[in-house]
Amino acid sequence: MYKIAGQLAWKSLMRRKTRTWMVITMIAMSLSGLLLLQGIYDGMVSHMINTAIRSDSGEISLYASKYRLEKNLDYRIGNLEDIKKYLDKQNMIDAYVIRLAQEGLAATAHKSLGAILKGISLEDERRFGNFDTFLSQGEYSFGDKDREALVGFKLAEKLKATLGSRLIFTAQDANGEINAIAFRIKGIVKTGGLAIDEGSIFISMEKMAEFLSLSGAATQIALRIKNESKIKNVQNALQREFESIDVLRWDELYPLLIQMREMMDVFNMVSYMIVFTIAALGIFGVILVSILERVREFSIMLAIGTPYQNIRHQIVTEAFIMSLFGYVLGAFSGGILLLYTASSGIDFRYFEAGLESFGLNAVLYADIRGYYFLQAFGAVFFATLLSVLWPLRVLKKIKPIEAIQGKML
Amino acid sequence: MKYLLSFIFITIILCGSEADMIIKKVEDNLRGDFMYAQMRMIVTGKRGVRTVEVESWSKGDNKSFIKILYPKKDRGITFLKLDTQMWQYIPKIERTIKIPPSMMLQSWMGSDFTNDDMVKESSMAKDYHANLLSKTSSTATIELRPKAHAAVVWGKIIVDIDLNHMVPITEVYYDDQMEKVRIMTFGNIQQHGSHRLPMVMELKPLDPEKKSNRTKVIFEKVDYDNYIDESYFSKHALKRYSN
Amino acid sequence: MKLIHISKTFFPGSSKEVKALTDINLTFEKGEFTTLSGESGSGKTTLLNIIGGLERPTEGKIFFDGLELTALSDEQMADFRLHHMGFIFQAYNLISVLTVRENIGFIMKLLDYREDEINNRINELASVLQIENILDNLPGQISGGQQQRVAVARAVASKPKLILADEPTANLDSKNSQRLMEMLRALNEKEQVTVIFASHDKYVLAESKRTIVLDDGAVIEDR
Amino acid sequence: MEFSPRFETYVLLSKKDKTVGSMLGGIIPSKESSLSHLKHALIKGAYLEGNDTRAIYLGSDLAKRLDVDVGEEIAMIGSSLDYSTAADLFTVKGIFRTGLFEFDSTSAFANKAYLDNIMMSKNKASYFTLSFLDNQAAAKYVNALKDKLPRTCEALSWQMLLSTLVQAMQVDSLFGYISISIFFLVIFFVIMIFSYVSIYARTRQIGLLRALGFTPKDIRILLFNEMLIIAFFSVTLGGIIGAAVTYYFEIHPLVVSGLAETYKDYGIISDALPTRFDLFTISWNALSIFILNLTSILYPIYKINQLSVTEAMRHV
């Protein structure tokens, strides 16, 4: 019996082609826009998270307890050999890096700025998070005898330093003596993470140890974990093994990124709600008008005994056929847009000049996740449902006898 | 050919050593085991002119005690530096505060000097190669180039020296690209006991955005020859000598 | 079919109160071909609508084969109409998006007849009503007379026990009216279906076996 | 967005042997509590009040570094605007925790009215609010900080923290534009659909007009003028209602319950969604909708003029 309702729905839609196409296009276009927006949002956040993980925290970072609070070499990880031995045994850990950092003053003849000097191993960092891919100028090297350094691009800019410039870094060593060290800039790095871009200088671990009169120590050990779902387990295991050390996940170190992600989710939801409320209004208008112009027809159908459910079914089917077409078209074009932005990215320099100066990569790549399409389907479904409620009420009020006798039109 | 090369080489060493000698003499002249000074610092910046007057007592490189005399609001604030540690006493709240090490690199009293500058003597003789550029009977011009791994920011410093008094007249600082960054001029040379020194120093940055800045230091009293009591270099001194 | 003490009052209790029908008592036998006649406003259409369950009487009861129709709910009544009644209205009573064939088969489809049964019936009716050549046209593409014949075909397609027709010839010229009535009469004879008209058209009256004349809501003649 | 004046300065806070460099913010407690979420981040003691004098509101990790608790006294030394030394003793009134480590380990707040006396900063302020939803303010904030803190090591982490905020906001505003364009696109379609439907409902009337001698151009002018009038009234009405609503929500921020619970530990996001009353934005949006309105009827008018007179008159 519903087959005939379906047929009627289809035929009615075909009769008003322009109108039907308008609704379908509306749904399709707003849907693809929303899908793209969501993809870029997620892409941006995951890019930031990924950068933070690759260039700094890893999935898990170890600090001596109190170090993060005092930023003082007194609170350093001393039992490095034990930890290394332990880490080497863990097959959940993909890679790890050992860093030794100290805050101090970076200076050129023109300017001095607060900065963080980090002793690292270039080879380890490359394995850890492809740190070399962040290099924007110069060479990924500490030069002969480790006398050169890599510098965050924003810091270099502020210090008016370029490749080959001489930098002086002054800081306290492990004995509390204030020392200074000079090096030339071999490479400039740009990660998009501000801690590095605006304030970090990297030198070799050996040079750092010498400068601070401190060997076999670290301020941070960052770990890459193979399996995302195992991060917590590894964290707990490490914490049990090394009680005096702070074992922190990246999301504990960068709560702001998690907040951003959640904020974006809320933002996406609000966007979906607004867009589909408006879209529902459009579907509503079309459905209402199509009911009103067919009141007579419906009346006759009712009079000759067509069950009310059958007519309701016809209306609902009409609405859902449009939505479904809109959805399929929108999901398809949105999917293509997403695929394109996921592979080629969108260059936002055209849109917002200032974006890059705040450290964000100007070319954004979208994420694609299956649930986008599910979520979009839900939104379309709800909007459609919403849009037919009122027209169905109108339909219910139709008194066949009045319509037949011409009182209603 | 070989001869010629070795000749040039020897000349460079000789010249170098003469320049080094001059620099060393100048530094010795400005330095003493004990030093008492009363000085006025005038800082001209974007926000107008400020004057600070201090009294300072120091012993060797490691111990110094400073007391602020002017401006009136800050009078009585005292600083003590022993090796790598530094304390400050503020009479208004009657508290002594230990300056954390990271603060040692901060600007001192809003001047272009850092806290560390106030207590650490950097040695030109130690960090630079000196090279005599020209010499007359009364003056010498010496070029100072940093030693390979010396942690100094300058690309070079050109110093004019008054050979009669063994004091500097002007110092011009250059950056890495050999551009002038700042000029320091010295004047009003006076003899104080065993030492002879310029009583006025003025620092003038050449960076475009700092063009109007000046820092002028005027020594009002200097004494190199009197023993300074150990009592100045203890934490008790902070409060005791505050008034 | 029995109508017992049927009365209908519009807007009861208000100042616009209109007594459309008062105390109608009628019996229709199976296979009857009856016309409800009378001036405009005499209540014939209202009576027809009440018989068809499109309106409810203010008072009285209707029985059909022993079933009390007035006791049925709206939904039960609709279902009853679907299964046992056929309707023909003045004009424009076809579904505009469906072809003639689909319009005729519409009720049979709703009643879940088999596809071949439906087609046989459509062909049979089309030949009787002489509409074979327009079966695949849309209602908008055929004339008023043809439309009414299609409406007749739809009304009788599922072989209802009762056909109600409200001024079926009102918008037709005399030739078409006559033909329509002849065809209806033929169907009535052939299929033994009860037909009740509301009309004052002379062609309708001429074909009727029984005429009931209404005036001001009451039966004044029954012959 | 309303700005609350803040005065930010770099100071040393000290208790016994512990001295820590930190950011001291002079705030107007009542204003601040409606703008940022400092008040909600309270975990111990009490939030500041307008008549507080030597009261200080400390970040939890900063309190840990100083080893102080609510009710204890700490010394503050900073540099006042005339470069003289500003020093005073403060009592810890409350401790807050936002969950942002850099913020909690370096910031402290005091009543601006009192701090101004010490810092000679009366009528001087860095105007901003810590709201996530306003990028200009945060940009000013960062700039103000940069002015005030050129030389300090510890200000670095602050700048980084704030730059991250600014970054988020920049992106936010960029995406705001994208979202708005999607909204406008949908609105455009909805208006087009409605005008198409309403124009088509009059097809027969238009056919009649054409039969009476109207040219398609006349029809176009007629319909366009009608739309102009409708658009004008609807946009004016919409603008007024919209303005009233935003104004209302600016005064009474929308509260989404539940959000605050989730972020209790982070504090920075409150459950109030600040709304901004800005005449420029409102009139700009109204104008866009107006233009959208007019462009959206072009296609329906074109479509109806495509019909021949007889088609139009027979239209069902």
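As written, the chains take the letters A, B, C and D, and residue 1 is the first residue of each chain.
Operating definition for what follows: a contact is a pair of C-beta atoms (placed from the backbone, for glycine too) under 8 Å apart; a residue touches a chain by one contact, two chains touch by 3 or more.
What you see is a predicted model; the values in this text were computed from it and never measured.
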- Could you tell me which chain lies farthest from chain C when each chain's centre is the average position of its Cα atoms? B
- Any chance you could check whether A-D or A-B wins on number of contacting C-beta pairs? A-D
- Task: State, to the nearest whole Å, the distance from the C-alpha centre of chain A to the C-alpha centre of chain D.
- Result: 21
- Query: In whole angstrom, how far does the Cα centroid of chain B sit from the Cα centroid of chain C?
  - Reply: 117
- Item | Centroid spacing, where centroids are CA-atom means, of chain A and chain B in whole angstrom | 53
- Query: Hey, how far is the Cα centre of chain C from the one of chain D, in Å?
  - Reply: 68
- Query: At which residue positions does chain A touch at least two other chains?
  - Reply: 103-105, 112
- Note on the structure: chain B touches at least 2 other chains through residues 102, 105
- Task: Would you mind listing the residues of chain D that make contact with two or more other chains?
- Result: 151-154
- Task: Could you please write down every pair of chains that are in touch?
- Result: A-B, A-C, A-D, B-D
- Of all residues in chain D, those that touch chain B in their complex: 12, 14, 17, 19-21, 75, 77, 79, 82-85, 87-89, 151-154
- Query: Hey, which residues of chain A end up touching chain C in the complex?
  - Reply: 1, 3-4, 7-8, 11-12, 14-15, 294, 296-297, 300-308, 310, 400-401, 404-405
- Task: Show which residues of chain B lie in contact with chain A when the two form their complex.
- Result: 84-85, 101-102, 104-105, 116, 120, 146, 149-155, 173-176, 181, 207
- Sort out for me which residues of chain C touch chain A in the complex. 45, 49, 52, 54-55, 75, 78-83, 85-87, 89, 92-98, 102, 106-107, 109-110, 112, 154-155
- Item | Contacting residues of chain A [partner chain D, same complex] | 18-19, 22-23, 25-26, 29-30, 33-34, 37, 40-41, 44, 68-70, 103-105, 112-116, 194-195, 198-199, 253, 255-256, 259-260, 262-263, 266-267, 271, 274-275, 278-279, 281-282, 285-286, 289, 293, 348, 351-352, 354-355, 358-360
